[in-house]
Structures are given as structure tokens and as C-alpha cells.
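Please read through the structure below; I'll follow up with questions.
In order of appearance the chains are A, B, C and D, and numbering begins at 1 in each one.
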Amino acid sequence: MTGTVTPFPAPRRASAPQTEGSAMSPSSVATAVEPLLDVRGLTISLPDGADRPYAVENLTFTLNPNEILCVVGESGSGKSMTAHATMGLLPKPHVKVTGGELLFRGHNVFTMSETEQRALRGGRIAMVFQEPMTALNPLKKVGDQIEESLRVHTSLDKAARAARVVELLTQVGLPNPADLSKSYPFRLSGGQRQRVMIAMALACEPDVLIADEPTTALDVTTQKQILELIRSIQAERHMGVMFITHDFGVVAEIADRVAVMQHGKLVEIGPARQVLNAPTHPYTRHLIASVPHYIEHRADFTKSGDALLEARNVNKVFNVGGGFLRKGRQVVAGDDICLTIHPGETVGLVGESGSGKSTLGRSIVGLMTPNSGQILFKGQNLLGLKRREFRPFRRDIQMVFQDPYASLNPRHKVGDIISQGPVAFGEDKGKALTRARELLQLVGLDGSAADRYPHQFSGGQRQRISIARALAMDPTLLVADEPVSALDVSVQTQVLKLLDDIRHRLNLSMLFITHDLRVAAQVCDTIAVMRRGKIVEIGPSRSVFGDPQHEYTRTLLDAIPGKAWEIPAELLAERAGHSAGGHPS
Amino acid sequence: MKTSSGFWAAYARNKGAVFGLLIVAVVIVLALFSGVLFPESPWEMVNAPFLPPMSDGALLGTDTLGRDIAAGIAHGARMSLWIGLVSTGVALLIGVSLGALAGFFGGVVDDAIMRFTELFQTIPNFVLAVVLVAIFTPSSTSIVAAIAIVSWPPLARLARGEFLSLRSREFVQAAITTGQSNLTIIVRQILPNSLSPIIVSASLMVATAILLESSLSFLGLGDPNQMSWGYMVGAARTVIRQAWWMSFFPGLAILLTVLSLNLIGEGLNDALNPKLARKGR
Amino acid sequence: ADPARGGTMNIIVQPEPPMLQLGLNQQGPTQTVAGKIYQGLLTYDEKLDPLPSLAKSWTVSDDGLTYTFKLHENVKWHDGKPFTSKDVLFSTTKFLPEVHSRARANFARCESITAPDDYTVVFKLKEPFPAFIRAFEVASAPMIPAHLYEGTDFRNNPANATPIGTGPFKLKEWVKGSYIHLVRNEDYYKPGLPYLDNIYFRVIPDAASRALALESGQVDQSQYNDIEPFDVARLKEVKSLNFTTKGYEFVAPVSWLEINHRVKPLDDKRFRKAIMYAIDREFIRDKIWFGLGNVASGPFNSSTKGFDSSIVPYAKNVDKAKALLDEMGLKPDAKGVRATVKLMPMPYGETWQRLGEYLKQSLKQVGIAVVLESTDVAGWVQRVSNWDYEITTNFTYQYGDPALGVSRTYVSDNIRKGVMFSNTMGYSNPKVDELFAAAAKENDPAKRQAMYSEVQKVLVDDVPVVWLLEMQFPTFVSKKFNNVITTGIGVNESYESVYLSKP
Amino acid sequence: MAGLVPFLAGRMVKAVVILFAIVVLNFLLVHAAPGDPAMVMAGEAGAADAKFVEQLREQFGLNKPLHEQLMTYVGTVAQGDLGFSYRQQRPVWDLIADRLPATLMLTLSAFVVALVGGILLGTLAAINSGKWSDSAITVVALLAYATPIYWVGLMLILLFSVSLGWLPAFGFETVGAGLTGLDRLGDILAHLVLPVFTLGLFYMAVYARMTRASILEVRDMDFVKTARAKGLRESRIVFGHILRNAILPVITVAGVQGGHLIGGSILVETVFAWPGIGRLAFDAVLQRDYQVLLGIFFVSSVMVIVFNILTDLVYTLVDPRIEVAK
């Protein structure tokens, strides 16, 4: 519809000053270079009963050719809604664009006919979604799904389309593209699926690529590859990329310009260097201050006394997919694992998805039985204990779970949730409730929270409740399985602080499981790196991060996005002053 | 969890469900006050046989023996509701207990229970119901038992599914790590959370049970001492050409009640499952 | 119109007969179908006097002991073999005594059965038994081909599946669950007969469906209980159909409330009388059977030999009933209940169910509470025959003669546990036993009548069962067909002379 | 499908185990009832003496101890023989085989009609969700779902056979019409219309509602968003992406119900005098014809199992994620 693709041959970095200037005065852009997308006063209204009237309010920004615009902001700030509005994908009929215009190369998309919009969609503007696992039709071969795009937007014949599919798959770096195009999505890993999504988006050589948190669901190493892929393709084709993320590391890695959103409003936009290093808006400053810092400078832990917990040669193998008359596949989740935790020590267990971190954690709290090995708690082997025999140890070993939404029974009051454990051990109900209120205060909530239900709390508050529940048992060892992965960065920081604080106060030992090395660096005395069920490296944090011995550890560290960027020192200072629960909004 | 006012708001958004609730309320009132509205036994031959509706003293007409159809419908409401509710209750008891055990314990227990369930699902259930009632001679007890026996397997599967998925939910694991007993976990932690879909299917099952009872009566396998709608249609179907009203009104009563229960089921589904509630309908 | 050959008749058959070997099975539907295939030596007119069938003539000696039958000489079985006295001997001495309980009892009265020649058979009785002449109808004593059954296991003989008789129609095809197709027997011994080419018996399980099928002309005839009583009035109005209740004189059923005398207070005849007075049998006839039947005055159907027309039937009288109960000392309690009894209606269709519901309401009026029990056929037979019941409804066929079909219900030597249609009430009155026994062997008609009259009076006073109706069955036949119901056997006849009017 | 043979073998073993359990269960259940076939035959014969009943019992093998009867029965069933109905004087298998085609014709036609009609209507309702056509379909489906099946049958007979005279009301074909070839087929089809519609209506309602709900669920899924983002036409999105995914739960339920249609056809067969297995079963119950009843149970259980296996196979065709075997 809008004519041919206009290439902008200028190299990527070279265009930076130009856009930098344009960000200061948007109106001057039009004269210098026509923006691909020009969003003016976009307002999207939400249906009655939603948490706020507008998903996005009076949003104005541009996306130029040959640049990566990163949109950041916490969950619910309206990032996805903006992207969906651009694609004409808002959930009809209750979420509607009620104001503003969106110009694609000068044509208002909102006033176009449905046919024109369709030609734009997937043809000129393409999109990659966050969840690679669900974004592909599970019942169609991936090649066919890519081909479908070509069929709609090009006049290529069948053979040409097939060739193009293979070409695209090759371009996104997938092995065996010809075979792979005949595979169903379920056979591909998350990273591979995301590559397929990108191939699909690139099929018709779009001018604009919108990527909505395309790497959030992936491992760091995979994330690194995908980021590199997007950046190289963008450079090659001089596309305009709108990249949505909440990870400032990613922003530092790839952004040319950054837009910061909060509660549906654009609070700050500007060149990456400026926003990252000299943010002006308080919210941006707050966000950046919350970013977990790569290496925290903490004192080395000195071990004292006997090990509190010792795992010896623990092995665990899962049989997956087996059934009647059938042998399944075997997955090794624990391979000769040895690990010790001393009183007062926090051991971090890091590694990529599926490496067996949770398996080990769950074995320690007795939710899972390893095939062999020993888990000694104060010298007593917990493995092989019957349910009844294990019970006394429940008081000593407690767990904090990953998902603050799933780990609290939605039908019970917070007070009950916290006191149920002690009551099960024979404590008087009234006493347990009193103690629950004290604990709630300890974790920074009001005692009255005990009479409310979990759904009345935010994610961060719920995670505090989870922690209070664990503490109610007066444990000596806390196993925390990704306790902050589901939380926004600013909340994440608060919870981590709380954990750190409590552990010092109560002299708790902790096994801290995470896949985020930056988080691990922040709280752990000792780091154990896991890969495919094996601990490949274990040692004091400082040495593991500063002088990694194992090849895999190095790969992991290398994959952390935005390492080159240092959080401005003034913001780090500001962060130290944050009180738990405080929030500038 | 939703607060109760939120529940009602969500429920009331579905107009059909409100309509259903209204009809069922009428039926319940009819059942409760049948003795007051029609003090005579519904079996009493109070009038000339074959009186069409609106004739003197017989609002909805009389049947082949001169019994009042309106009285029959009022008294029949009691039986139909009773059969529907009790058999659903029994089916719930069997189904949810078995499903809960299977889903919670998994492994061998699950396998054994599910094979047992499969066994019952493999026998065509209406045939089984007919045979059971015939064998144990028709009475309200045998009818309730037969309906319950053929209805529990889907509930068991449903409960098992819920328990299976809830069992690995983190709040259940948290309960395990805080040392709560299996029984507490099943009853206090998992059951309340699995209730929504179970309530929805139970409300639908009441409807199915009423239909099933009427079908058994149609085949002459009803309780001879209890007036029920199913019996009335079954007894009158043979004279449908001479006296349409004899099977029409009780048939309508069944239809409306079953329909309403289905509407209620949908309303509950919308209200208890907020994800669906938001969807356009 | 003159009879002419040709035509197809469609007749309802319900339920589907289990088999068509009439010797082995005498259910109603079996009789109706197999009555066209098999034949007996005699048949009976509406007065129940004998008519020739396979026997062309017969004589009875004056002492009533010797019965001599002459057979038709040119009769052939459907497989072409000739029918002779050998077959009669085989049937009456071997086959039927082995498998047919009624025939067994009848022929057990014979001292000898002989065949002087191929076409003569002589029955010699041990003592006089005037009812014997009524034991030769096709279902009571069907003639079975000796050449197929002699020396075999009768019940498992493969020939049972392909019945071979002498009748005017042969089995062509039986599609189970659907229809039975009979075709004309071209070699029938009466030249030119039968007229019809085909008879289809159609299985239609649902009562409403049967009525519609009759109405729409899909079938031409219904009999017995095929049409529910409430449909009768409507079908009577249908122009294309003839209606009759004739043709059931031989079976002549009387229905009653069967009462278990072993249960208190049912053993008291005042209680049984109270029940008699509590019910309105006219209402039962008019509103439940829709006018089909007559109020039964006593144990004998009015078409059965020996019936005494002077007996006055009981009439509804609630006061008398209450008085009788008072006399027994059964006083009403707070709810007005004097006694509670269990009633198990006969599981033979809805009408009986309605009757049960009516009785429950009627007896309530005099203070007898009734709990209805329901069963299926199997359970009912088991419970009644094992005396495990209080009150049930029942009816029996009288087979034309009190000695064949009436006395069995009341005589005390027929109190036999586990046997259906025996004296399951446990009623025992030596006087009744004596009168029935003497009458059965009395050759003098006048003396016999006197004894039967007396026994009727005794029984009516004792009320061993509460008689309800002399039942009538409606027969609907399409007006296109003639000569259909001609004898006391009615629809079970051979239909050799039924013919189709030319349109 | 290289894994097909081991898959089928596995399913067979499982089926045999279940069938064995069913045979035993049914046998015990049926024998728990009061009365036996000899009694019924005696009752229906209108007269019976003890010898008659004894003879029948002996002939039926009813005089043996129960466990012996069970052993004998299981033994014969294992040999593929469903026993002999003394009541009807024919092998049970013959009786069932006579009726099976009529029932299969009825139930399978009803099944196909219900499935195709239901999916179409459900799809129509879902893509028009919120509009009047959606409401109309939903209301009709609900009504069909809530109306007793025999009532529908009677009303249809009243309307189409009695009042309008368009279609025959009873039976499988016009008896004695001597039709052959295409005429006979047409005749049977005419007889088939009303019962198939009656039986199919209920299930059609079930599938329509399921399809609608399933589509509404699926259409909010991520991959549908992907398809939209590709700029596909709405029709292609519905048929190429949504429907295929939405149909999976319908297939599951349909597979279960398909096997159970035999049971559901009892009522329809009664109303329409359809000479099928459902009616045979009901008669057999009343007559305590154990052998026939057990045979029918057996056959219908086999049907259910076959349907389940078929469903699984269809499922693997539609859903590549499910692998028949490793």
C-alpha cells in the first residue's frame, strides 16, 4: 500500500546523533527523516471495572528507521497495550483506542480499512511475542506457519515460498532448516521457537519490528543469542525496532533510544546513554536504582562450626513419558551432587532452566526423594525417613516459593496461612495467631494483614507473607526457590533486602536458588553453579564471579546483558536509602 | 477468591442465569408448599378423567384417572428435585472422594482408582441405570442409587484432575513443608480450591439426574408410590394424541427445570471462573 | 364379495415371541403366530363347543371314558411328509407330556392312547372327565411332526427354529426384532384355501406406536393387549377398522386381586370382603379399562361352562366395608389408618399400574393404607409363586371349562410353592375341593351344573380373591379383511378362510 | 505411524483386562436380581408346574452353583461365543448380529449428524458471539439439551408422521413392500430420518455448546494473536488456526459418547419401534434373559473401547504432540 521499502543506508551508530537531536524536539524529526511510526496522543481505554480507566494515556513518540527504541516500565504500565494497538490487535471489543493517531509513514493506521490494516500487519509491521511456548500454533508445522505469512503478503509461488522459508530459518541461525521447517513447535526448544517467531516476523521484510519482551522467558545464554540476532538483523535491514522489556541490562545492551512508561504514561524518552546514565524523572531514577548490581561488594563469609546441612552424592533421575508397556525418556536432574551449608551461610544455586536447582531444593525440604545419596541435617540423614520420622525436621527446614500468587491458598486468611504450620505442631491457635501478627510486622506488613485474604495484596507483599509463613516455624535453614523471579525489579530489591536483613537478624542459613546471577551476587556468600544436574563450580561469591574457573560459569557470566553499563553511583547511594515498602509513586 | 458481593455481581451479569435461578426458586417454592397448595394427595381422583386444561376445578386438566395435573406437578416437583439433589449428592460423595484420593496420592492408588472408574465408564450408562433399577426393583432408593452409580465417574475424573494440578501447586507444597497432615491438606487446602468446577458440574448433574429419572419413568421404571414429573409424562405419553396436556405440562416442567439448572450452571461457571467471565458472550 | 385368493395381511405381534414351536412355548404372541402354522385336532366355537380341525369327526362313549377321533386323510406337513395318527400318538404321549404342562395334566388322565389305523386315534380315560373334549385346541395340544422330533432332545432340536406344522401358512422368514413373515401353504389339505398369500407379524414395542400404525393402515390387525384401553375408544371411531371383543371365549380371563392368606389380616374373610366393598369395579371397568370387560360376579367367567348367572356381584359400599373392619377390631389410628398392606401390581403394562394406583386411593377411603411395590415380570413371578407377597393383581385363562382353568386357582391340592398360577393364595376349603373334584368327573350335565353353582356360592362368600373383571380384549381388524374372528379361539385361529375384499 | 502396532497391542491388552472385569461384574450384577428366566417363561406361558420350571432351569444351566455358571460363562466368552439364549432359542451372537446393523445405522448416523451439525453450529455461534445468531443457536442448543429425548421423538412423530404424513414413524423399512436396490435404500433412509434426528439432536446440542466454548477459549490464545499479527484473513484464522485447536476437546467427549450411543438409543428405539440392540437390551432386562443381556453389555463395552481407541487415533492425527508410542 504505502509503496516500496525505503532503505536507509546510513550505518546504525551513525544515525544516533540525528535521533538524539530529534528526541529533544519531536517536530524537527519530520524534516530531517520521516519516522516509520509516529504516535500522537494515543489513548487506549479499558473496560469498566479494570484497575484504571486507561491502559495508555496521551502517548506520543516516534520510531525512526534504523533504530532500536526500547520501551521499559514495570508490569502493567501499558507497554504491551501500546504494541498491540500498533498492530491492531487490541482485545476486541472491550479495549479500544479512544484518542490520538498512529501514523505509519504518514498514514493514519486507525482510519484505514480492515484490508489495508491487514496488509500492513505482518507485511510492513511485524511482531514477536514474549511467550515462545504458546505463540506458535501447536498443530501446524513451523514451516507452514511461516509460509502462511508469505502467502498472504507476497505473490511467490509454492516452490519459491518453500525456498524462502528455508532461507529465513537459515538466517535466524537455526540448524537443519529444511528438516526443521517440517517440525511441529513442540519439538523445538524455547530459544528455537523464538527464532522461528523472528523468522516469521521477518518473512516479508517489514519496516517495523515490534518485539514484546522477546527474551524474558529465555535463559541468559539464549537471551544473549536472540538479542544479537535481533540487533544484527536490524542493522542489516535498517529496520525500526520497538523493543519492549523491563530489564535495564537488556536496554543497556541494545537500545538506541529509551522510552520509560509508568501507569500508562510516558514519563521519559531520550537517547539510551542519557536515560541510563543521567535519568531525569524520579521514576526512572527509582527503577534504575533498583536494578540488581552485578557484583555487590560484600565481605567474605567465614565458616564456623559443623555443617548444618550436607548433601552427599545426591542423584536423581526422572522417567518422563513412560507408561503402560512403554519405557520413557530419562532426565538426569541430580548427578552426584555434593553441597554443604554452614550455620549463617547463604549458598546460592545458579544455573539455567532445567539444570536441577529446584530438584535439589525440593529434595532438601523432603518434597521429593532422590534416587540415592545422603542429605544430612545436623548429622542426621533425612533420606530414607518415613513421613512421620521426617516431621520433626519440618520445623527446622522451611521453604519460600517462587510464585507469590500460587504459594498462598487463596481461600485462607493470611493469619491462618501463617499459623497453620505451628498449629499442626500442636501450638495453641490463639498464640499462633498472635505470633503471626508479630511476624507480619517483622516482614514489614501491618499486623492487621492477618485478617485479609491473599488476593488483597500485591506480589511483593505476598512474598513477604510467604516469608513470614516460613519464619513462623522458627527454622534454622531456609530454602528459597527463585523467591524474586516473579517480581518487578523495584519490588525484587525490597524482598531481597528483607531476606538479607532477616537472615542476619535470626542467624538463618539459606539455600538461595536463582537463575539470575546478578541477584545471586547480591545476597549469596557462596555460589554453586549447576548444569545438567551437576554442580560444575562451587566457591565464595567473589571468586566465582571474579575469577570463574569453569568454562560454563564463564559462558553464563558472559551472557549477562548490559555488563558494560555501570549504574550511576549517585543512584546506588539513593538505593541504600530506600526503606522497605517505600515507593515513590 | 472473590468476595460474595463480587460473586453475585458476576453471576447477575449473566441474564440467563438469573432467569434460571428464578425458575428454580419457583420450583423449590412449589415443592416446599405443594402440601399447602394442593392438600389432597396428587394421586386422589378428584375430578372426571380427561378434563382439558382450564376446565372447572382443574387448571391444567386431569389425567386418565381424573387426577389433577396441577397437583401432580406441584407434588412432582418435590420428587424430581429430591431425586436430582440426592443422587447428585451421592454421586458427588463417591466421585469426589475417589477422585481426591486418586489425584492426591497418584501412583498405584491413582492407577487402581482410575481403572475402576474406567470400568464404569465403559459400560454404557443408561443401560446400566436401567438394569440396576430393574434388578433392584424401582423405588426412590434404587433410582437414586442407580443414577448416582452411573453419574460419579465424570466427577471422579474432574476431581482427580483438579487434585492432580492443585497437589503440585506451591501453596499445597507449603502446607506439606509446614507439616500438615494429608487429611488436613486434602480437606482444608485442596478441596476448597477445587470446588468451583465441581459445583458447576454438580449443578449440571442435578439437571441430568432429573432427566435420567424421567427417562427411567418413561420406560416404566419409576417409584410407584411417588408422584414425579417423569412418571406423569411416562404415564401420559400413550394418550398424547387424545390428551396432549397430560404429558405437555409435566414435560414443560422438566424442560424448564432442567433448562434453568443448566443456566445456573453456566452462571456459576462465569461467576466462579473470572477468566471466562470477562469474555464477550 | 366372494372370497378370492391373494392379499397380504399385516398383524401386530407384541411382545415378539421367543420361538414359534407351539409345543414348547404357549405365550400369547406365540399362539397367535404359530396358530397359523400348527393345528390341533379340534377347535371351538363361540359357545366353546368343538369344531373339526385336523380331526374331521369324533365320538365320545356314553360312559365318558372313550374318545375316538377320525383324522383328515390328505393332510401333509409343511415338509411334504403325510400327517397320520402316528404323529397324534407321538404328540400326545411323548412330546406334549414332556414339555407342555397343561397337556401333561390332561393326557395324564388317559389310561391309554392308541391308533387302530393311520387315521384313527382312541383316547381311553381312567375316569370320566367331561372337560377332556376341550383339551384339543391348537395351543392346548398342537400336533407335532413325529418324523422330526422322535427320539431327539425336544428343547434343543434344531427344527425348533424352522417350525413345521400342518397349518395353512408356513414360516418364510423371521427378522428378529422386526417381523415374522408367513406365506401361503400351497399344499394345504383344503383345496383353494387359504386365501391370503402372506401374513406379516410386525413387532412394534411401543403402545402409542402400535395405535398409530393401526390407524395409518400400516398394520391390519391388533389383538389382546396390543392397544391400550384408552386408545380403544378413539380407534373405534376409525372408519377403516372393525372392532370386536369376540374370539376370546376360550381363554375367558377373569382378573382379581390375589391375596396371600398367610398374612394377617388378609387371612380374615371379613377383611377381604371389606376390600370387595371398598372398590368400585364399575369405575375400574369404565375409567381404567375404558369400558372393556364386565364386572365379574365370581370365580367363573360368564362364557365358561358351568357359570351360574344367578350370583349377584358385590357392589361398592364403603359403610359395609368400614363395618366389617370395625367388627374385626381394626380401628383407625390418628391418620385414619386401620391397616397397612402391600400391593404389588402385575408388571404387565400401564393399565395394571393405573389399577394399582386406583386401588391405593380406594382402600385409603376405608382406612386401609396401601404401599405399592413394583417389580418386573421375573421378580413378580418369583415372588408370587413363592408366596412372598401380600396383595397382587392377576388374571388367568379359563380354557373353556372350570376343570381346566378355574379349579386350579382354588383347590388345596394345587397349593404348590414355586408354581405360578397355582393356588398361590394358600386358600383351602375342603368343601370347595370336594365339589370341584366331583364336578370334574360328573358326566351328567345337570348334576355337574348344580355342583358348579354351589361351589360358586361358597367361593363368593369366602372371597379367596377379590374378583375384578371378566376381561375383554379389543381386536381391531381392517375392514378389508373378512372372516377373521369366527370361533372362540379368535385371533389364534388358522386364518384359512380369511380373505381380502376386492377394492 | 511406526508405533501403531505396539500401541494397538497395548490397548488390546488393556481392553481385554477391562472386558474381563466387565464380564464378571455384569454377571454378578445380573444374577443378584430376583427371579430367573425360567420363572419368566413360566409366568408368560400362563400355566406352569414345578416340572416345567425345573426342566427349564436344568436346560439353562441355572441349577448349577453360581461360581460354576460364572466359570462356564467366562470360558465361553473367551472363545468368542456369547452363549445361547434358551428363551429365544438362538445363539446370543446371532440375536445381537441381527439387531446390530439397525442400531449401528441409527447411532452412527446420529453421531455423524450430531458431530458435523454441532461443530458447525458451535463455530457459527462462536464467531458471531454476542450477536443474535449466537443467542439463537445457544438458546436452541440449551432447549435441545434440556428436553427429554422421548418427548422430542413423540412430538416429531405427531408433527411429521401424523399431522403432515411426510415421513414414516415406525420401524426400519416398509415391511413387505418388496423393495430392492435404491428404492429400498430410500425407504430405509426415510425411516431413518426421525429417529436419527431425535437421537442426534441432544448430542448436537452438546457438541455445539462445547465447540462454542472451546472456540471462545482458544481464540484468546497467544498463537491466534500471532496469526492475526501475520495479517491473515479472519476466516483463515478461524478455520486454519482456532477451529483445529478448539476441536480437540470436542473429539475427546465425542469419542466417549460415541461408544455410549447404544445405551442412549434405548429410548429412541422404543419410541420409533426401531429393531435395534437397545430395545433388545430392554426386553432382555425384563425377561431376565441373562445371556442376551450379558452379550449386549459385552458388545456395547467393546463398542466403547473401540471408540476410545479410534478417538485416540484421530487425536494423534489432529494433534502431533500426542505420540502413539515412543
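By our rule, a residue touches a chain if its C-beta (ideal position, glycine included) is under 8 Å from a C-beta of that chain, and two chains touch if they have at least 3 such contacts.
Per UniProt, the chains are A = Peptide/nickel transport system ATP-binding protein; B, D = Peptide/nickel transport system permease protein.
These numbers were taken from a predicted model, which means no experiment stands behind them.
Chains that touch both chain B and chain C are the following: D. Counting C-beta pairs in contact, the pair that comes out ahead of the other among A-D and A-B is A-D. Between chain A and chain D, the centres computed from C-alpha atoms are 51 Å apart.
Separating the centre of chain A from that of chain B, both taken as means of CA atoms, is a distance of 47 Å. Rounded to whole angstrom units, the spacing between the C-alpha centres of chain B and chain D is 23. If each chain is reduced to the centroid of its CA atoms, chain C and chain D end up 39 Å from each other.
Shown for chain C are the residues in touch with two or more other chains, namely 208, 212, 347, 375-376, 379. For chain B, residues touching at least two other chains, in rising order: 134, 137, 237, 240-241, 280. Multi-chain contact residues of chain D (touching two or more other chains): 33-34, 154, 162, 220, 270, 285-286. Chain pairs that touch one another, listed by label: A-B, A-D, B-C, B-D, C-D.
The part of chain B that touches chain A in the complex is made up of residues 1, 169-171, 173-181, 184, 188-189, 192-193, 278, 280.
Residue ranges on chain C touching chain D, taken from their complex, read 8, 10, 15-16, 18-19, 21, 25-28, 99, 101-102, 104-105, 155-156, 160-161, 175-179, 181, 198, 200, 202-206, 208-209, 212-213, 216, 218, 347, 375-383, 385, 396-397, 408, 416, 418-422. For chain C in complex with chain B, the residues that touch the partner chain are 207-208, 211-212, 228, 230-231, 234, 287-288, 345, 347, 350, 353-354, 356-358, 360-361, 371-376, 379. Residue ranges of chain D in contact with chain C, taken from their complex: 33-37, 39-53, 55, 59, 86-90, 95, 98-99, 102, 154, 157, 161-162, 168-172, 175-176, 269-273, 275-276, 279-280, 283, 285-288. Chain D makes touch with chain B in their complex at residues 18, 21-22, 25-26, 29-30, 32-34, 129-130, 134, 142-143, 145-151, 154, 158, 162, 216-217, 220, 256, 259-260, 262-264, 266-267, 270, 278, 281-282, 285-286, 293, 296-297, 300-301, 304-305.
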